[in-house]
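So that you can tell them apart, the chains are marked A, B, C and D in the order they are listed, and the count of residues begins at 1 in each.
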């Protein structure tokens, strides 16, 4: 098909040309002096994205690996872990914990909000013996477009004086939405390369608090590839205990430069604005945003409920076949009931306009009941906002 | 700025990734065996695009060079040339002819239509001494979005039995709009790389009839770089008399593959459809398409008249600053009065939707009087047409 | 520094332009139809490289991950594993096995040969209770340049009728040296992307026999990321249970094409020839090849012993600083005593000539005692061999 | 074939990865603000390479175009031009002058030295009527590897007080060998992109003295594409009168950065050193360097005479077929009698070692009588020189 593909799943995201070109350089000796500089830049730079002064670990792996790393470094067989069912990915993380021999306890939900800090607090208060060793929350649930307020979860844990570690998955929020590892008191943050960092998949991250590091000294799960210990000495010089994914690291260094050139706060504001424009389009179409709680709206993606009797996957096939645009599918509980619009990463107003145009034309072509004018509502918002911004600059 | 730039001038056009990657290979020996294969592919492939069985010449130069080449190979000092003022580029070609010592005679116009074959015929009939040696027409005038009907011009020449050569500039139509060098009886066709061929600028082309070749044997203008003679023997083996622009030729071979994979007729239909959608948007905004004659509408670009009292350049600055989209400016006679929307090259429905969204939001932000809904009109057309196409496929 | 860097470590190897360009395409939806085709090509293609009709698994990870995967899928806590100390990497694999809770038993050696099948047989015969569940051998020990004869190890296991699984690390031999997973009766073969496959690091592989698959059904080590089970259903359609390293898979598909265009047997012959030329150069310099057993010479790399009193690392610094060439260092037991010349991957006669020239000039500049003429000996061999080949072609 | 191709013709040269990547970015609007910055960088940067404070013009064309530009801007039909037969390219320039209607007068030679300033002076003294309007010299004759001493030619012109313009072709010396447009009093210098500037072919240059500019105001040859006038106003803002070769300009800006990072004097010293090493190899083989005058040796390439009875082209075919290395052929007068080794551009000691190894093995395989040891002589020189440099640094 002619023209550019529109990759509007909520990750992997559109990789900008600068990053593709940066990764397109010959691989170098991962034990040589030039590599050390790159390694240090990558490791130091990731601290600025996690907003932490603590340690960051980079794995050559998918984000799934970083989930596993967070658990195996800090916990012991049979440990209880409190997890919150925000959606498909929270459920997948829970399944992973079970496979590792942990005992996850799940706070169930209908997926249409982020985590409820009060529910967390309640459970922790009930754990008088302190058997719960970790609380695991997905910051931005990629399957639903619902955000959990991490600072409030931290307060909930503190409120009952519970000693559990707080682990947070930011795979689809990191570098797209405001996140503060240190300030919010998170012990392990999990990240991946292929969303807000604008890279292809293949790198994952752990940001680690001192408390988590101490836990790792005595924890009993077996680990080797994911072991934080092996990383630490070599990382100080920018090296890694086994062969790193060199070319993805080239791209990461470029991505960090791009994020700081734009300014992280501007990046976050851009995503927030695109989230609002998208929801106005959804409203304009007379459709329903899957996330039910305005305070939990995601700035990275918007999941949209299909009208009764209309499958999301048939609709998504139309947008792919006719408009060369990939939208995200509904997963497990929400399969075929929602489609997801990714508006994160290297993205701007016209790319969003194209995306929403593709959805509107796809609804038409797929025979889905909708009202015309969603795109128009989004354009109104985007151009009005810009006028305000323009006025402010005067 | 985040996200992709929208390059919606009527050329250079968006270079697709496949072509950028093809050009990104190391340069090779332009006298070695591997090069010969590439050279032949490029030269043979260009014949399919010009729809000719005659000779094609490729220059390492801008399209301007191919204008000059057409004239210096076939004409002699003081020769009369009949040219048609379709717009800025026709005027530039005329100025070039003057600089070369030719005597261009200009059929003047207000730029808002293509060439009138009757006017051509009239002038030729008046040239009873046969002093006019060539008729030069711009097929798709890039400054106005008006198309000249070349087959009709040919008929006009034939009708009066005049012997002048017919030279046609297809720089902004080649590989975007239907064009037939042999069937339409054109003697020299001029092309460039940076429009429908989806390449960066740097290559230009002449397609040459036997009659033009014969004229070159006796013509008197001095020439060296542009000389067709020097090309012919070496071209047969895929080589060139001086160092060719190797990496652009890599890209050209890839572009030819892409065009034939899609099918030239499909490429033309796509452009026609995008032209219509764009004009519906213009109508939706209550603005005026610069081209006044529906039969002359361009499928490659649309020039839009600004409302009285509103400058096109201030508006274009807004779309660039706010939406990272480059639109074409008005040139000479139409400076600041029109802006031009390029919808040619590697382009699809969503890229057009983005482009039109950018125009609509730009009109709003720039305070230009317009009606909302141009984008909506275009989306209606694009999705309706697709439904028809879908029905046809059943 | 001007000109190309010479990356002559034994991996990562020089990534060819075709592969860099293939990886430089935009990331696509890993759940879409286009991805499925790429995934299937990659998975099917890897079978041809492992020479297996069984299953192959691809991980987004370093080769180290595939070591871990082989063990955690097939073994249970406390299982005995017979490993052979061929060098640094065999030792690292043993350390990994210990960390996972296995009981590795090590057949020690001085690193200067491949594994001795008789020694393996002896140990297995002594294991009358069948406590040894796996025999782990490094095919091509990257730290020493010694190759183990896997077919002979298989015979040794069969000779004593022992039931242990045979696991083989081919990280630095796969796609450079002859290897036959099925014919040699290997149960799990471990591979990586950054050596003979000519890719950057970031992908690793397991080829799996039916016996190994059966073992995985009852084995007791915990696993999630590395689990073969999760892969199988999705792999059949070309998909993966978690986000794959899409752009590296693009490169893998290109690498497989390149290997088959050249022909695997030609690839192996090329490496064998370069190994011999390199050893002739070493002999010409009056230095000693670290591998003591001609039947165990590696075709992928050559480790060279430094003369007494001269450190390898100071010499390597000279070749890097003066000639922009990275050579491999000695590891653990052989640190500073050997340097390693990688001659694997996308490599040819002139690249080898450059490499050996850099070594010869480096020896001169570093004041290492040597005889002139190593390069000359290599050139004599390379041009003589070519003459033979030329004669054969007549 | 496996591994890298060795492009050792004297241009186009090996394009470094940095430049290929820089050119691999999307084309932008050549009339937009971002382009203006690039245009200015390119135009200003070229002044530093020509070492001029005067004007520089950039053409989208081969170097041949810049030859033509120099003549058509400054001369009138029938003007006498004194040219010096340094080799094939000087002859080609002369033929071009004839085609343009000039009267070139040729100082003939056997091609084995650079221009003789005394011979130039003699001719000019004989021209008492001042009919000679320009003296045209090739600085580094690419077909022979002989350099002309431009400063001495200038002195010769001045010595007889002749008013002719001095025009110098630096296509294969610019950015590889010391050159000073202003200091040496050159009026028009001609350059190209594909040699020392490390770019693909497609850009050419004129550096212009005030005297040449004045000549252009009254000269009578027709011109349009090559006209300096049209360039000047737009160039001041970084723009061009017709569509420039945008992506090659991206590469040029990167090339200028690379040259200045290394330092022009270091670039020249590197080339000088590689020229000397190459000639030592030629001597070592018992072959003859084509250039007979040591003061005229080129640092950019070395032409080598074949022994009687052995054709250069058969030998070159062997190096291409067996070693994937392209060497330059003999041209016209020297066809099949010499081969040419390019050692210019992005090149280093190991690339030269590979190149000379390929020549030595090629001589062996092609059955050309030679002595072994040319490579060894070069390595001795390269490593000895480095020791000196190393000592100096202490």
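In the analysis below, contacts are C-beta pairs under 8 Å (C-beta built on N, C-alpha and C of every residue); 3 or more make two chains touch, one makes a residue touch a chain.
Just so it is clear, the model here is predicted, and its values are computed rather than measured.
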Exercise for the section: Would you mind checking which chain's C-alpha centre is most distant from the centre of chain C? Expected result: B
Exercise for the section: Mind checking the centre-to-centre distance between chain A and chain C? Centres are C-alpha means, answer in whole Å. Expected result: 35
Exercise for the section: Averaging only over C-alpha atoms, locate the centres of chain C and chain D and give their separation in whole Å. Expected result: 45
Handout entry: Rounded Å distance, chain A centre to chain D centre (Cα mean)
Key = 54
Exercise for the section: Return the residues of chain C touching two or more other chains; collapse runs of consecutive numbers into ranges. Expected result: 14, 21, 24-26
Exercise for the section: Name the shape of the chain contact graph, picking from line, ring, star, complete and other. Expected result: complete
Fill in the blank from the handout: In the complex, the residues of chain C that touch chain A are 5, 7, 9, 11-15, 20-21, 23-33, 59-65, 68, 96, 99-101, 192, 194, 200-202, 221-225, 227, 242-248, 320, 326, 329
Handout entry: Complex contact set, residues of chain D against chain A
Key = 17, 21, 24-26
Fill in the blank from the handout: Listed in rising order, chain A residues that touch chain B in their complex are 1-4, 6, 14, 16, 262, 267, 270, 322-325, 346-351, 353-355, 357-358, 360-361, 364-365, 372-373, 375-376, 379-380, 382-383, 386-387, 390
